[in-house]
Structures are given as C-alpha cells and as structure tokens.
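Structures given as structure tokens follow.
Here chain A shows up in two complexes: once beside chain B, once beside chain C.
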Partner chain A sequence: MTDSLYVAWQYIRYNKVKTATLVACITLIGFLPLVLERLLRESERQLAARAATTPLVVGAKGSALDLVMSTLYFGDEMPERITMKAARQVTDSDLAIAIPLYVRFKARDFPIVGTTLDYFDFRGLQVSRGRQLAILGECVLGATAANRLGLGVGDSLVSSPENLFDLAGVYPLKMQVVGILHRTHTSDDLAVFVDLKTAWVIEGLGHGHEDLTRTRDQSVILKRTEGNVAATAKLMHFQEITAENMDSFHFHGDTTVYPATAVIAVPNDAKSGTILRGRYLGSGGEYQIVVPEEVIDSLLQNIFRIKNVIEAVILIVGFATILAIVLVFSLSLRLRQREIETIFKLGCSRLTTVRLLSAEVGIILVGSGVLCLALLGAVAPFENELVRSLIIR
Partner chain B sequence: MRHRFLSLLLASAVLFLASISSRADELSVYTTNYPLQYFAERIAGDHAGVVFPAPADVDPASWMPDRETIAAYQKADLILLNGATYEKWVSKVSLPRSRMVDTSRGFRDRYITMEENVTHTHGAGGEHAHSNVAFTTWLDFTLAVEQAKAVAKALIWKKPGEKATFEKNLTALERDLVALDGELRKIAARTPSRPLVGSHPVYQYLARRYGLNLKSVHWEPDERPNEAQWRELKGLLKDHPARHIVWEGEPLGDIRTELGNLGLQSIVFIPCGNRPVEGDFLQVMRMNILNLDGAL
Partner chain C sequence: MIRIESLHFHYPGTDFQLAIPRLSVAAGEKVAVVGPSGSGKTTLLNLIAGILTTGDGEVQVGDVRVNALPDADRRDFRISTIGFVFQDFELLDYLTVWDNILHPYRITGALTLKGEVRDRARGLAEQMGIADKLGRRPGHLSQGEKQRTAICRALLTRPALILADEATGNLDPDNKVRILDLLFRSVDEHGATLLAVTHDHGLLQRFSRVVDFFAFRSGAGGVA
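And then the complex of A and B:
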C-alpha cells in the first residue's frame, strides 16, 4: 500500500495544476454548504437569544421588523420616531418598566445609543474599565467599538453629521469616554452608549450657550420683551459639555414630546405583559407593541426558506461539479492508457494498477477534506462577526 | 465561668449577624431635599436608610452633586424627587429612571407658573427654556400630604411586605401635616387680604393655599440689598402697602432696623428645603406658624 501511495503522490506532485484544480473544486463543494449551515445556525442563535431576552418593544406603527432590528441590533434602518409619551404611557400603566431608546446618530460608523441606566441593568452590562455614565456629554463604549476606534477612558469622540448636505442641522458633540464595557458578544459591543439627554443634545433639542439675559453682544439678540429674550441664529452653541459650561445646558419645550425610536417594556410578570399587550391591540392607538421573539421567529423562517433554496442550488451545482470531476478522471485515464499498459508490462497486476489509481483519487479527496476542515476552522472564530456584518447589520 | 463566657460570645455573634441581616434588608433611599427625607424617614422607619446628601449650607434647588454623589444616587433602591423643576441638576445627570419617583407628578396640573422670570427663546417662534414653575410645593401642606402619599406608594412598591407599617406611619404623618394646614388656615383667615412682602420668591404655594396677599422681591437674609433692590421694594410698597416682610432665614440686624424704619416688621418663615440646624421639619413648620401667628 505504501508503494502505491508513494507512486500516486509523485504523480500528483508532477501534475500540480490539475491536482490543485481538482482539490479546489471538491473543497468548495464540501465547504460551501457546511459554512452556510454554520453561519445560519449562528445567526439563528444570536437573533433568537437577543430576542428571547427582550420581552416587549413599543414603537411607531409600521414595520415590526425594522423596529426590532433597530432596537435589538441597532441596525441601519431607523423606524418612525415616537415621543417620550410612549415611555410615559408604559410607566403610568404600572405594568412594566419602560426603557426608552434613541438610536439615530453615529460616531464614526458606530451607532450612538441614547438610553437610560436601566438599559445597562436590563442587559447585564458591566463596566470593565472606567465608570458608568454620570453627567451629560459622557459616553460608554462597547468592547469592540473601543477596540476598533482605538479609544480608552479619558479620550473623546465626536458624533458624526447625519449627512454632508445638512451640516448645520445636527450639532456634532464632543463626548468624553468615561467607561468601556465588558465584551458580551452581542450588538452592545459595537455601540456607543450615551444618556438619552445627551442624544437630545446632539439633535439640538438641548444646548448650552451664554446667558442671553446678561449678554453684552446685542447682535445675538433678535428681540427683547419684558418676559423673554429671543436669540438670533448667530448665537453659538457649545460643542462640548464641560464643568465650566454645564450650568448653561438646558432643554427647550416639554420633554414629553422629545423623540425616541423605541421603548423596551419589561413587564412585572407574565400577566402584566399580557394586559399591557392588550392595551395596544386595535387600530386606534398611535403605537404598536411587538414581541421580538415572534418577529425574529418569522424572520428566521424566511431565512431558512431561502437557505433551503440556496442548498438546493448548491446541491445541483455540486452534482454537476462531481460529474465534471468524474469526466476529468475518465478522460485522464484514457490519456494515460499507454502509461497503464507500460505499468502492466513492467509486471504490475491489474489489482496493483487499480490500487495506484485509487491512491491518487484518495489523496486528492483526503487533501480536499483536510483543506475544507481547515477553512471551517479558520472561519469559526469569526462566525460572530460575520453573522453580524453579513446578516444582522 | 468558661461556659458563661462561651454563652456570651454566642449571644453576641447571633446579635451581630441579626443586625447585618436587617441592614442588608434595608432599602437605600436618596432624596433631593430635606422635606422628602423627613417624610421618607417617618414613613419607612427602620426599613429604609434615607439619605439627603447635599451639604447643609447649600440651597438644594441650585445644588449640583459631584460624581461620587451621583454614583451613590445611581446605586440607591429609590430616588425621591420633589419635581416641579426643583432639582435642575437631574436633567444633567444619568439616573436610573425606573427607580426615580417624582413625588409631585400627581398634582402637576396645580403647579404655579411664575410670571416674573425672564425666559429665552431661539428665533421669534421658538420654545421657551427654563420652565418658570414654582417648586416649594411642600409649603402647601395639602400638597405635602400628596407628596407623602407618593413616598409611601413608592416604599410599598419596593417592600410590599411592610405595607401595613408604611400605611400606619403615613397616617400619623398625614395627621401632623393636616394639623399644620388647619392652624395656618385659621391664622390666614383672620386677616385675609393683608398685604405681605416675601423676601424671596419661594412662598407661592403657601400664598395660594392660605390666601395670602403676598408679593416678593429677590433678597437674601445674609446679604445687604443694594440700592436698586431698595428702590424696587419701595416701588412695590407704593401699590402693595405691606407692614410685614417674610424671610426664609434670620435677616441681618441692620436690615431689620432699616426695614423697621420703612414700617416693615420681619417674620421668619423657613421653607426648610435643607435640613435645619435644630429640630426637624415638623418643629420648623410649627415655629414658622408661631412666628406668623405672633405677627399677624
């Protein structure tokens, strides 16, 4: 047997290009369906785990999928905005804790998640370096975001303008990084967390500037009456919140109408959750309430339907490839007819000849198998990231 | 001897463990002013450790806690807010909303809007900033009762097993506050439209509830008013001929004298937003009522 393997190996070495092509084809046939299966299982695990831990989400009526993807995975599709009235409704019901989220802005392609401290308790997020948010203008980074941005505690991060055609619309805010979270292998690792009020400052709903009732610069005053001073657009707003200008920061209007993208409702118990859901049924209200697990289940069913189609396609292509490989081997045998006759005349029995040829095929198959396993092993550590970048976000 | 020593040691250990266990069960409650601390202590008794961390010499309405204090608030089981824009620092810090209780939210339709503040807007049609709402809600003792009920409700939510105790304590507190309310109404009813001057705009709820004809200037008891402030007071007295001025603390002696020359007698009515030097909330309010009674 060893002799057969040696001769087969020498033959394969001599015909490198043909061997490499055959190995590549067989490896791909094996690798593609296996990696697809693993990625889809991983996506199912991630999507389902995150959804299972989020009981209820309240948002604007419309696409439930956009609402869930934005709330749970901070996806790029922003749902219709709601107001803080939605959070107030949940709190006033005494049936659940309301955790508002405002996921609209980005800082260098990482989503800025405006929320309250309850979110960190709810998700079990712990600070690994630095401390938790304390005052306006501070941010806490997810582990991956901190790593990729190359930022640590004490550094600063500026929010990005929403688009280049409206630079004056949303004020970039220079935020202080006060903490880095432990890695959780969820979308939280990629987020820049700020207090909800800081997100409103980025939007321009809150700001700081000099005291208009005491300013000496008349060009910033549009109109002054006994009870009010109206400012012009010339009045400069602070781009960073510091200990010196903190006192000047304020919000205009009623914060009940301030924006949010969703409210995570954590019911006190199962019965409270059912009652709360019942209050949003019917077409009358402005908001919808969704169960993320149900939305994600529906999404996964669609994904697996697509997966079945892709697998069928791979199966057909694979079958065609195998046929082509068999054709290559048979044509190769025909071309090597004189070589086989020579081996026979040298004294090799038919069985030995068959063993020689089988060894060649065997080496190619084993080589392909090993390469396939190596590729799967190389992809395995990046499954989490691949799923998040290719499927979830 | 040895047997007795061992018994004593064992008893001490049991007592020590029991005290640790009861402290572990104790709720941690943080408040943003002293009246709420007083209400929470009266209602919760031994079932909560109530903390109001502002230094004794600052006005809690304009206080900004440092980062360590903010971190302490974040760890509390319950954070009791006065509401009505009292604690302006809350809009600038991160606190767990689920553990915050706005004790005046139940009567926000009865907040008093102040006319005399100057607000600002951006552009001709912009929204106003600096909500000009009066915030010393506890000086109307009927509103103080509502705030106490909000405190009790929050404590029961956190420790439903002690509902009976909290309700019993609330009833006792309510009785005291209602008694204060009754006494003040009687005093105010004697001279219903007598003009009064408030040294500082903190008596809006007191004036509304007890029908006091009170207008305010903006003085501090420990500061000499300037010429403009004296002129303002004299101008006010032309249309509002008051003979009493109500102070939030003991005024400087020479100011008392100068006011006396203007025909104004000083009455001290301490709002008690921060903890008093002596006594407690109830004792301070009783003293305030006595001062008012003696003067009017």
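And then the complex of A and C:
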C-alpha cells in the first residue's frame, strides 16, 4: 500500500493544476454547507440568547425588526428616533424599569451606545479594568472593541463625524476611556458605552465653550441683551470634556424631549409586562412595544427558510460538481490507458491498478477533507464577527 | 529457453491468424524477429510473456508452460522471468528516471524493494550512462536516454528472458547501435536470452539468429 501511495503521490504532484482544481472543487462542496450550518447555528445562538434576556423594547412605530436589531445588537439599522418622554412613560407606569438607549454614533466603526448605568446591571456587565462611567465625556469599552482599538484605561477615543462635509453636523468628541468590560460574547463586546448625556453632547445638544460674559474677543459676540449673550459662529466649542472645562458644559431646552432610539422596559413581573404591553397595543400613541424574542423568532424562521434554499442550491451544484469530478477521473483513465497497459505488461495486476488509482482518489479526498477542516478552523475565530457582518448588520 | 509447438492464435472478430508450427530459442541466444507489419511479431512476444494466451498449442519458457498457467501465476511468471523493452519506451512521465527504473518493484507484491535492489538499480544506471539523470523526468531526456532507462527497468528484476519490441525503432542510427551494444552487453552480463522484434535489417547480422515471420504466414516455418 505504501508503494501505491508513493506512486499516486508522484502522479498527483506532477499534475498540480488538475489536482488543485479537483481539491478546490471537493473542498468547496464540503466546506460551504458546513460553514453555512455553523454560521447559522452561531447566529441563532447570538440572536436568540440576547432576545430571550430582553423582555420588552419600546420604540418608534415602524419596523419592529430594525428597532430590535438596533437595541439588542447595535446594528446599522437606524429606527426612527423617539424622545426621553418614552422612558418617562415607562417609569411613570410603575410597571417596569426603563433603560433608555441612544445608538446613533460610531467611534472608529464601533457603535457608541448612550445609556444609563441601569443597562450595565441589567446585562450583568462587569468592569474588568478601570471603573464605571462617572462623569460626562467618559466611555467604557467592550472587551473586543478595546482589543481591536488597542485602547486601555486612560487612553482617549474620538467619536467619528457622521458626515465629513456637513459643517453643521456632529463634531467629534474626544472621550476618556475609564473602563474595559469583561468579555460576554455578545454585541456588548463590540460597543463603546457612554452616558446618555455624553451621546447628546456628541449630537451637539449639549456643549461647552468659553464664558461669553467674560470673553475679551468681541468678534464672538453677536448680540448682548439683558441677561443673555448670543454668540457668532466663530465661537469655538470644546472638543474634549476636561476637569477644567466641565462646568462650562450645558444643555439647552427641555431634556425630556431629547432623543433616544429605544427604551428597554424591564417589567416588575410577568403581569406588569402584560399590562404594559396592553397599554401600547391598545393606544394609538406614537410608540410601539415589542417582545424581542418574538421578533427574533420570526427573523430566524426567515433565515432558516433561506438556509433551506441555499442548501438546495448547494446540493444541486455539489451534485453537478461531483459528476464533473467523475468525468475528470474517467477521462483521465482514458488518457492513462496506455500507462495502465504498460504496468500490466510489467506484471501489475488489475487489482493493483485499481489500488493505484484508488490511492490517487483517496489522497485527493483526504487532502480536500483536511483543507476543508483547516478552512473551518480558520473561520471559527471569526464566526462571531461574520455573523454580525452577514446576518445582524 | 523458449519452445513453441503447434501454436495457433487469432484475435476474436478479426481475420488475423498466427500459426507457428515450431519455434525454439536456446538459453543465452540473441534472436531477431522480422516480418511485415501486422504479421504477428508483437503478438508472439505477448504470447510468450503470457499477456495473451491461447489453448491451441504450447508456449513454454524454461520449465513453465505459460499458456497453461492461471492469470495470477502468469503475472508472477512475467514479473520474475520477463523483461520488456518497448519501441516507445513506455516510461511514466510523472516519475523520475530513478522511480521509473524501480517501478516494477512498486506495482507488484511479488517483488520487494530492498536496499540491494536500489544498489543494483544504481549500478545499472551507471552501466547505461544515465547515473547523472536519475532525478530527471522522462520529458527532460533524449530518446536514447529514455531507452536506456527502459532497459534498466527491464533488467532490474534480473529476468531470464528479455523481450524487445522494436527497441531501436525510435532512435537515430548512432543511438541504435549504441543502445543495441548496451542491450547485448547487459544480456550477456546477466546471462539472459534476447528475443527482439525489429524492422531494421541493418542490425540483423549482430543477432545470433533471425526468425522471419513472413515464412510463418506463408506456411514455410521459421527461418534460422
């Protein structure tokens, strides 16, 4: 058998292109359905587990899926904004704890999640290094985000401008990293958490600048009236919140109408949850309340329906590829007829000839299997991210 | 060494008929087989080697009645007794010269590839002047070098009988003489018998005997 393998290996080495093509085809036939299965299993795990631990989400009317994807996974879908009034409503009902979220901005491609400290308790998020959020302008990083950004406690992170050419738009804010969270293998690992007020500062709803009543530069004064000073566009806003300028930061207007993207409602008990749901379902109000588990179940059903279609396509393509491979082997046998006759004349039995050819097929199959496993192994560390980029985002 | 009696053979579905009333070749002889194309020269070699068989007549090599052997025994007989040299060399493109020479040992369980066999292969390669080409593949050899490789492969099993089917047919005149010299010398050194089909009448005087197939087909019997 060793000799058969040796001769087969020499043949395979000599016919590199043919072998590589066959190995690639067979590997793909095995790899595609396996990796699809694993990615879908991972997506099911990620989606379902998080949805199951999030009882209710209040948000703007519209796509329930966008609302859930944004609230649970901080995806790219941007649901209609709501105001903090929605959180007040939930709190005032005494039926649930309201955890507002504002997920709109990014810092170097990682979502900035503006929320309250209740969120950390609700998700069971623990700080592994540093401390929790305490003052304006601070951020706490998810484990993966910290790792990929190469940031630690004491470093700073600048929020990304939404649009480079929108001068009236969001200005970048330099945030201080004060804590890194323990890894949870959820979307929280990829988030940059800030206090809700810090998110509003990024949006420009809150800002800090030099005291206009004391400035010597008159060019920044547009109008001075009794008890009020209006500034020109020349007035520079602070891009970083420090101990020195923190007192100058302030918010204009009524903060109860400040924006949020959703409110996670954590009911006191099942009955409270049902009553709360009823209030939203029954009213013609501006908000909707959704049960994430139901939304995700519906999404998973659709994903698995698509999976079935993809698997059917892979099956057909795989069958066609196998036929092509059989054709390649049979044509190869014809081309090698003379070689087979020669080795027969030299004393090789038909059985040994079959063994030689089987060894070639075997090496190609084993090679394809090993390559397939290696590819699966190579993909494994990125499954979480692939699921996020292919399915969640 | 070879004794053929009342041999009749035909390929099913064709008009071809080979009839050899009597042919014998003594051990150590170098016999040339000549005749027109399609007269059955290659068929004769295949019958002697046991690749083809017929129940009509008798083919005996040494003490073995070849056409009475079952398939597996005929294969073992062939690998232990016969060395084949072909017109087109029949080397395997994907093997090096070295692996081509050793190939008979890798395709049959009847032979074991030991260190002694490798030493012998190296010796044969040196004798044939291809020792420096062992790592090359046939595609990088001249015609003469290819045939020398094929001769090494044929001689490695120390066969008692060498069957050469137009072994010099694809070679230029210089190489023909050189290869025949090497083949004759090797056959002598190994104490083997040579039966060589050839179309090259210029080489016939070098053989100890010539068998003319034209005579067989006309019913006159072999010409010595």
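In the analysis below, the second predicted complex is superposed on the first by the 362 of 393 C-alpha atoms of A that agree within 3 Å, B and C clash if a C-alpha of one lies under 4 Å from a C-alpha of the other, contacts with A are read in each partner's own complex, and residues count from 1 in each chain.
Quick note on the criterion: a contact is a pair of C-beta atoms (placed from the backbone, for glycine too) under 8 Å apart; a residue touches a chain by one contact, two chains touch by 3 or more.
These figures come from a predicted structure and were not determined experimentally.
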| request: Pick one for A:R334: touches chain B only (first), chain C only (second), both, or neither. | output: neither
| query | Given the touch rule stated above, what does A:F249 touch, chain B (first), chain C (second), both, or neither? | reply | first
| query | Taking the superposition as given, does A:D195 touch the first partner, chain B, the second, chain C, both, or neither? | reply | first
| said: On the A-aligned overlay, A:Y6 touches which partner chain: chain B = first, chain C = second, or both, or neither? | reply: second
| Is A:S349 contacted by the first partner chain B, the second partner chain C, both or neither? | second
| task | In the overlay, answer first, second, both or neither for which of chain B and chain C A:K16 touches. | result | neither
| field | chain C versus chain B, contacts on chain A by residue | value | B
| Contact footprint of chain A on chain C as seen in their complex | 49, 51, 72, 75-76, 78-79, 84, 86, 90, 92-95, 99, 103-110, 113, 137, 153
| chain A touches which residues of chain B in the complex? | 64, 67, 70-71, 74, 91-98, 115, 117-124, 126-130
| note | The answer for chain A against chain C in the complex is residues 3-4, 6-7, 10-11, 13-15, 338-339, 342-349, 352, 356
| remark: chain A contacts chain B in the complex at 91, 97-99, 116-118, 121, 131-136, 138, 195, 197, 212-213, 222-223, 226-233, 235, 246-247, 249-253
